[in-house]
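Look for subunit A in each of the two complexes below; its partner is subunit B in the first and subunit C in the second.
Let's turn to the complex of A and B:
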């Protein structure tokens, strides 16, 4: 029987940290015991269980110090760019400039969970008329108002069009409050018509060449805005170098996903993998360091696989997970009931695929942006889920609905129909809000039932 | 390719006769009826009633009722939805999945850039090609310009009569004028309109929010019978989303360019990014028409209108935000009580 490295609680981590520290643990400047983040307000950490590796410690510390990093950058005179509703396009451009840091204000999505709503961001949003009929991204509005999280960026970009109404509506509110936003259009990716010039995108999608051209033009417009804002010129070579660097992050993450999701016993918990995947979108405000964080995780995972150890018993039920969970605890829950993640679509698969390096850089970025599963027909997204889930040997699919999200109601319906019809494996939809404590028993029962169905060899 | 066929004025032969009454159903102010008619289709406005089967958590009831209407038997040869909001974009996915004859028109959110104009213009061309494939025709020389002139006149007559018409009548006529250029201006004053309300005075109001459906009209009538008078309809299907008058010279020369400019470039709608043009229009008209209060009719789960309520308040007149729940009766005691309170507070 293979050895299982059980997940540990925050208290256990802090005790382990003391021992490691006493033993001479070397850490980056943002290192330290995880418990300090809970003391500072990230109370949800006390309800989570974590991987016990130092690689995971670094990952969490990196994630949870982003606001400090941004404040430090501002202190050094670095320009801060907030890239809203942009999963991996403008951040690549921004990282190609000197003295610019891009971050993702929509990441405030997770603050109500992490701080167990202690920050009261949702209440601030409520007061501004943006209530729970919006998805948790409304916390971003609260964060802009109370200014206790990320520093207010010097400039914002926001992709609109075939993106979600929640961010579009809230971004418009921010503009109404006087924040400067450079809007750019993301057309709905449609299927090419017969005879129309077609471009193959990552993820197996196609788009009319004309749409790629539209997006390229929009990105060029944003590039000019950034050039003017920074006073720098971004020649193709610099942008290409930026793409190459982003691809290194994506390649390491790709390898990490390949090994973790494809190996039994599972060598890294779903929760840490969710955080790792997030790094590909915006590099957590430090591209070079996000690469090092992922490389260390990869080293850890390889060594576990070599020695045949995992974080779960062998044979855990393989679940393909669709959409990120607003409450991180749910990733623990899946593993508690005997499941494991074997593949994901956290709404940004395109940000995990390599960006073409053999094309003019803006063309390459345009193709990548158009490959976003969320900007095309839901049936396209469903087809990619079917392909990826089938390749990963998934035994079940879980779609976690985001409460209030403008796309979830109907999109979930389409995805469910396609997955059921094509894969013939159990499919469940659950709704996961920022704090699921009050419904945890029900969620647990549903996930348990799913696992039992698979174990009993059941059909959907 | 049929692209050239649908280029306005591009076809030099006589237009092929359309042999049967082809219909195109839609519910967007951004689907120009001129374009549809010039392609041999008759526009039909989708005004479905309450949703049943498609009501679902987080689904806008209006989008759900469109699904109901189309899935339970297509109301036309082609249904056109737009990408104006996520809900409609995904409603098109559901319809496509059910093999309903649906066309999703990519309506850019940004409006003033050359890219946005190009996207919209090319989408109209793509729609035109599909209409031809479905049995419509490519507009002959001058035909599009002719239709533009007809609809322009119809809109102008309606707007000229606007002050005389009760809100419900005007709301209906604002739809009719988007489907039929032969629409006659409805007969003049309903005696109630000029009659003062119970308090002996008429209170000028504006209407804003999502689409005003047939079942909402009773609410407008009730308000006007109680002394309110809607002098501005800035709702999704209201007068604000009618295009500006066409420039005749331009529509004779380059009708499609003029069409794109008038629709995409002049309609101040709340969904555009940024949407300052809408708020400028709203504030300007509020002042010009001496509006004293605003009633917003908003569908549950409609983020795009919902997030604007606070900004509508910056027009500095009281705003009553009514969330239209498909289950709840529009004329429920609570709703009427709130409307009454608004009217009373405005004296």
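Let's turn to the complex of A and C:
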């Protein structure tokens, strides 16, 4: 039986930190005990369990100090760009400029969870007319208003059109409040008609060449806005260099996912992997450091695999997970009931794929943007889920719905039907809001029943 | 040897006793839920045993299921309602391929493979409109006991249309219907059709036969007919439909006692 490195609580982490610190632990400037984040308001951390590696400690500290990093950058005169509803396109462009830091204001959707609603961001959004019929990403609106979670960016970009109705409405509200937003239009990706020039996109999708050209034109317009804003000219060579750097992050993350999701026993918990995957879309405001954070995780994972140790018992049921959870606790819950994540579609699989380096850079970015699983038909997304889940050897699929999210109402049925018909493995749909304490019994029952169904292996 | 299954559901706590290797229920009880599930479970179990001249030492194994399953100390195993329903139904309605379960505060659809194992399941515990809670609200509003709803629905000439998908708003509709002179029977039939529609919607058209109906909702006369009318297929009410889940838990607990080689694996 392989050795299991159990997840630890926040208190246990802080005790471990003291020992590590006394033993000469070397940390980056943002290091420190995790418990300080809970004291500062991220109370949800006290209800999570964590990987016990120093690599995971660094990952969490990196994530939870983003606001300090942004404030520090502003203090140094660096321009701050908020890239809304952008899953890995404009951040790559922005990181190619000097003295610009792009961040992802939409990430504020986790604040109600982390702070257990203490920040009242959702209530602020309510007062501005963006109520619970919207996705919890509306917390971003509250964060812009109370200005306690990130500095107000100097400029915002926002993709609209086929991306997300909720974010579009929130961004419109922000524009109405005087924030400068550079909008770019994302068409609904469609399959080419007979005779139309076709472009193959990552994820196995296709699009008419004219749609790729349209998005390229939109991105060029954004590029001109950024050039004017920064006073810098971004030649193709610089943008290509930026793409190459982004691809390094994606490559390390790709290797991390390949090993973690493909190895039994599982060498890294689902929660830390969720956070790690998120780095692909916005680099947590520091591309170079996100690469180092991921590399350290990769070293830890390789070491565990070599030693045959995991964070879960061998043979845990392999679950393909669709959509990120608003309450991080649910990733712990899956593992508590005997499951493990073997693959994911957190809505941005395209941001994990390498960006073509052999194409004109804007063309390459346009292709990646159009490969967003969320901007095409739900059947396309379902097909990619089926393909990825099948490759991962998934024994079950969990579709985690986001309450109020406009896409969830429609795509759930489609994904469920396609997964059931094509994979023939148990499939369950859950709904995860920012705080699930009051419905944990129901969530646990669904996940546990899913695991029981797989483990029964054809027997009741 | 006696094995016990305790189903700590959201509205009621059910206990079923079996004497393995038989899977026939030899004793059972149903009580409204309280605050202390553990104390209630002990009380109900011990009363049941006492009625039969038995004590806790005669109980070889206890299985717990239901939303409160993790609160039942002394249970040798805890298993979800989905798995327990499959085992319970397999024992009392062999060959069933679909379970429709309407409980006090949730409803479930469990599709079974030919061998009785769970193929997949869908649960609703976020909306009262497809659960027994709707019937309770209706009974309260009409001032009749739950058991009296069936007789009323049998008198319906034209079921009322309940357009709301939310019990809270549907209650307002019921008040309006009563005010406009609709008969209680038509209202009951309308509510039952509404519940049946919500439950059937979970199936998305995939309802392998035979279909077995379980849960407290199956005890309400008229619900089976309402389901059949909506889905257009025959539905069989399980014997002791409120106890199938507890029965499954008892069976699973008894299997835990058997050497692996002797288990009656399907």
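Criterion: the second predicted complex is superposed on the first by the 457 of 460 C-alpha atoms of A that agree within 3 Å, B and C clash if a C-alpha of one lies under 4 Å from a C-alpha of the other, contacts with A are read in each partner's own complex, and residues count from 1 in each chain.
Following the convention adopted for this analysis, contacts are C-beta pairs under 8 Å (C-beta built on N, C-alpha and C of every residue); 3 or more make two chains touch, one makes a residue touch a chain.
Here the structure is a predicted model, which is why all the values come from computation and not from measurement.
**Student:** State whether A:453 touches subunit B only (first), subunit C only (second), both chains, or neither.
**Tutor:** Only subunit C; A:453 stays clear of subunit B.
**Student:** Does the superposition put A:214 against subunit B (first), subunit C (second), both, or neither?
**Tutor:** first
**Student:** Answer with first, second, both or neither: which of subunit B and subunit C does A:426 touch in the superposed model?
**Tutor:** In the superposition, A:426 contacts subunit C only.
**Student:** Among the partners subunit B and subunit C, which is in contact with a greater number of residues of subunit A?
**Tutor:** With both complexes superposed on chain A, more residues of subunit A are touched by B.
**Student:** Going by the contact rule set out at the top, does A:442 touch subunit B (first), subunit C (second), both, or neither?
**Tutor:** Only subunit C; A:442 stays clear of subunit B.
**Student:** I'd like to know which partner A:32 touches here: subunit B for first, subunit C for second, both or neither.
**Tutor:** A:32 contacts neither subunit B nor subunit C.
**Student:** Once the structures are superposed on A, label A:417 by its partner contacts, choosing first (subunit B), second (subunit C), both or neither.
**Tutor:** both
**Student:** Which subunit A residues are contacted by subunit C in one complex and by subunit B in the other?
**Tutor:** On subunit A, the overlap between the subunit B and subunit C contacts is residues 413, 417, 431.
**Student:** Considering only the defined contacts, which subunit B positions touch subunit A in the complex?
**Tutor:** Per the touch definition, subunit B meets subunit A at residues 1, 56-59, 63, 83, 85-87, 89-94, 96-97, 104, 106, 108-110, 113-116, 118-119, 122, 126, 129, 273-275, 300-301, 303-304, 306-311.
**Student:** Spell out the residues on subunit A that touch subunit C in their complex, using ranges where they run on.
**Tutor:** 413, 416-417, 420, 426-429, 431, 439, 441-442, 445-446, 448-449, 452-453, 456, 458-460
**Student:** In the complex, go through subunit A and note every residue touching subunit B.
**Tutor:** Against subunit B, the touching part of subunit A is residues 128-130, 133-134, 158, 160-162, 164-166, 168-173, 175-176, 181, 183-185, 187-188, 190, 193, 195, 210, 214, 217-218, 221, 377-379, 401, 403-411, 413-414, 417-418, 431.
**Student:** Quick one: in the complex, what on subunit C touches subunit A?
**Tutor:** 67-68, 79-83, 86-87, 90, 106, 112-113, 115-123, 125-126, 204, 265-266
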